[in-house]
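Here come two complexes built around chain A, the first alongside chain B, the second alongside chain C.
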Partner chain A sequence: MVDAEQTAEQREFVLPSVPESRETVERAVMEALERRGCGEDVLFAVRLALEEAVVNAIRHGNKSDPNKRICVSYLVEDARIVISVEDEGSGFDLDSVPDPTAEENLEADHGRGILLMRVYMDEVVYNERGNRVTLTKMGIM
Partner chain B sequence: MQMQVEVQELAEKDACLVSVHGQIHLLEAKELEQRLEEVLSDGRSNIVLDMTDVSFITSDGLGVLIKVRGDARRAGGNLSIVEPPEPVLGVFRTTRLTKLFDIYPSKEEAVASL
Partner chain C sequence: MTEGVERLKFHEQGDVMVVEFKDSKILDDTVIQEIGDELFGLVDKQFRPKMVLDFTNVDYLSSAALGKLITLHKRVREKKGHLRFCAIKPKIYDVFRITKLDKIFEIHEDRDKALGSF
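This part shows the complex of A and B:
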């Protein structure tokens, strides 16, 4: 039975830039959502967006340097989840990312992460530097 | 469910059925790429990829499929897909990869197209 007035849940992780870090934070986020009785569609969407953000931070932000850290935090409150992923990189120009759905880019084997975050979350906001992304999904319950 | 991959040679010339089960995250995508490239290097350039039991995929997984499709086509074959369930199919739709890949509703139809 889901308690409709569950208190907010918040956690922060500081992790090395290795693929296994994705599992650590994903497990915690999924368990938090499952405790609140979120449906499979919400679990899928958040898992996908989170993984895209974490992999981008590790691969592009921190150049897969295991000595560099990513900082991932999440807040689950009311009926929304807010996730923040930050890397130690110098950031990037969001406007320079090509549209992966354009005909000329369909056969590119990379470049779809930001699109997927934007489609599967309600809000995707980068800080000015471009090394931190905040993902929000509303109506999770 | 941890990803599992099964490879079955088909009677059709240079054809192979590769069945994938489970979730395709970053590390699984690398493993899947390795298995598919092994199939290609064995001379099986027509790959039918059965994704009916795939429950999750990320952009890394999509990238692997695109790369292997390109390699298969350069070898004179193709990589076609047996339709995954929603919401995995939704990821293909969102990225417009339903326009790139030949996606069939059943294994039989995918094999018949070879």
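This part shows the complex of A and C:
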């Protein structure tokens, strides 16, 4: 009998840049984590970071163009989850993103997504172009 | 008397409007937009708004939702009103703290404390 906790699980989605895509991905990832018995703290953290990454890809990367796609993949193995979110956009300069916690930015109505990803995941890595982010959370079990 | 619109329940307690969210997950752009529209509509109804936003039912919210709350905060301030938040669950409160929005919003432990703060 295969021990489900030892078996790696991997899936990839290619989806249109519409709000429903966020739910599709989120449901799949949450179910994968729940199957492994991950606790509420992990579920909360991953859901939030994934939400921010997918919304950024759809809204900023693909300009909410339903004809543009996002590619989301996840790998759950051992005690970690690795999620990759890629859009078809031209990318962005990570260094140009202002600090949302700076006094002058506190009342901005946007710009907190990357901060939240960095706090709730252990690793947040962008590719050089800036159109793909890889999120890793360790110790999920 | 409790009234409702699509996303919120609200009632007046004295001169304070107490508002609760119907959604437990405030993540979807459409939901956030609708919540924002309803909240702004409630603010517009009051000359000098006093509002308590009760987060009892909220389990998740995204940074886009935080942005909408900031806009609400500004609208209330423009009308020289007062806004309080209450009953925010610890995990959600962490999000406010991480983004330093606990410095912007006046947050109370429960509704009674929020109402008593005006």
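The definition used in the following text is that the second predicted complex is superposed on the first by the 136 of 141 C-alpha atoms of A that agree within 3 Å, B and C clash if a C-alpha of one lies under 4 Å from a C-alpha of the other, contacts with A are read in each partner's own complex, and residues count from 1 in each chain.
One rule holds in what follows: contacts are C-beta pairs under 8 Å (C-beta built on N, C-alpha and C of every residue); 3 or more make two chains touch, one makes a residue touch a chain.
None of these values were measured; they are calculated from a predicted model.
**Student:** Taking chain A as the common reference, can chain B and chain C both be placed on it without clashing, or not? Answer clash or fit.
**Tutor:** On the superposed model, which is not a single observed complex, chain B and chain C clash.
**Student:** Scan A:101 for contacts with chain B and chain C and give back first, second, both or neither.
**Tutor:** Both chain B and chain C are touched by A:101.
**Student:** With both complexes overlaid on chain A, does A:47 touch chain B (first), chain C (second), both or neither?
**Tutor:** both
**Student:** Using the touch definition from the top, say if A:119 reaches chain B (first), chain C (second), both or neither.
**Tutor:** both
**Student:** Overlap of the chain B and chain C footprints on chain A, residue-wise?
**Tutor:** In chain A, residues 19, 22, 41, 44, 47-48, 51-52, 55, 100-101, 106-113, 115-116, 119 are touched by chain B and also by chain C.
**Student:** For a test of understanding, state which residues of chain B touch chain A in their complex under the given definition.
**Tutor:** Residue list for chain B touching chain A: 25-27, 56, 58-60, 62-64, 66-67, 70, 87, 91, 94-97, 99-100.
**Student:** Using the touch rule from the top, collect the residues of chain A that touch chain C in their complex.
**Tutor:** Touch residues, chain A against chain C: 19, 22-23, 26, 40-41, 44, 47-48, 51-52, 55, 59, 100-101, 106-113, 115-116, 119.
**Student:** Going by the contact rule at the top, pick out the chain C residues touching chain A in the complex.
**Tutor:** 27-30, 60, 62-64, 66-68, 70-71, 73-74, 91, 95, 98-101, 103-104
**Student:** State the interface residues of chain A toward chain B in the complex, per the touch definition above.
**Tutor:** For chain A paired with chain B, touching residues are 19, 22, 41, 44-45, 47-48, 51-52, 55, 100-101, 106-113, 115-116, 119.
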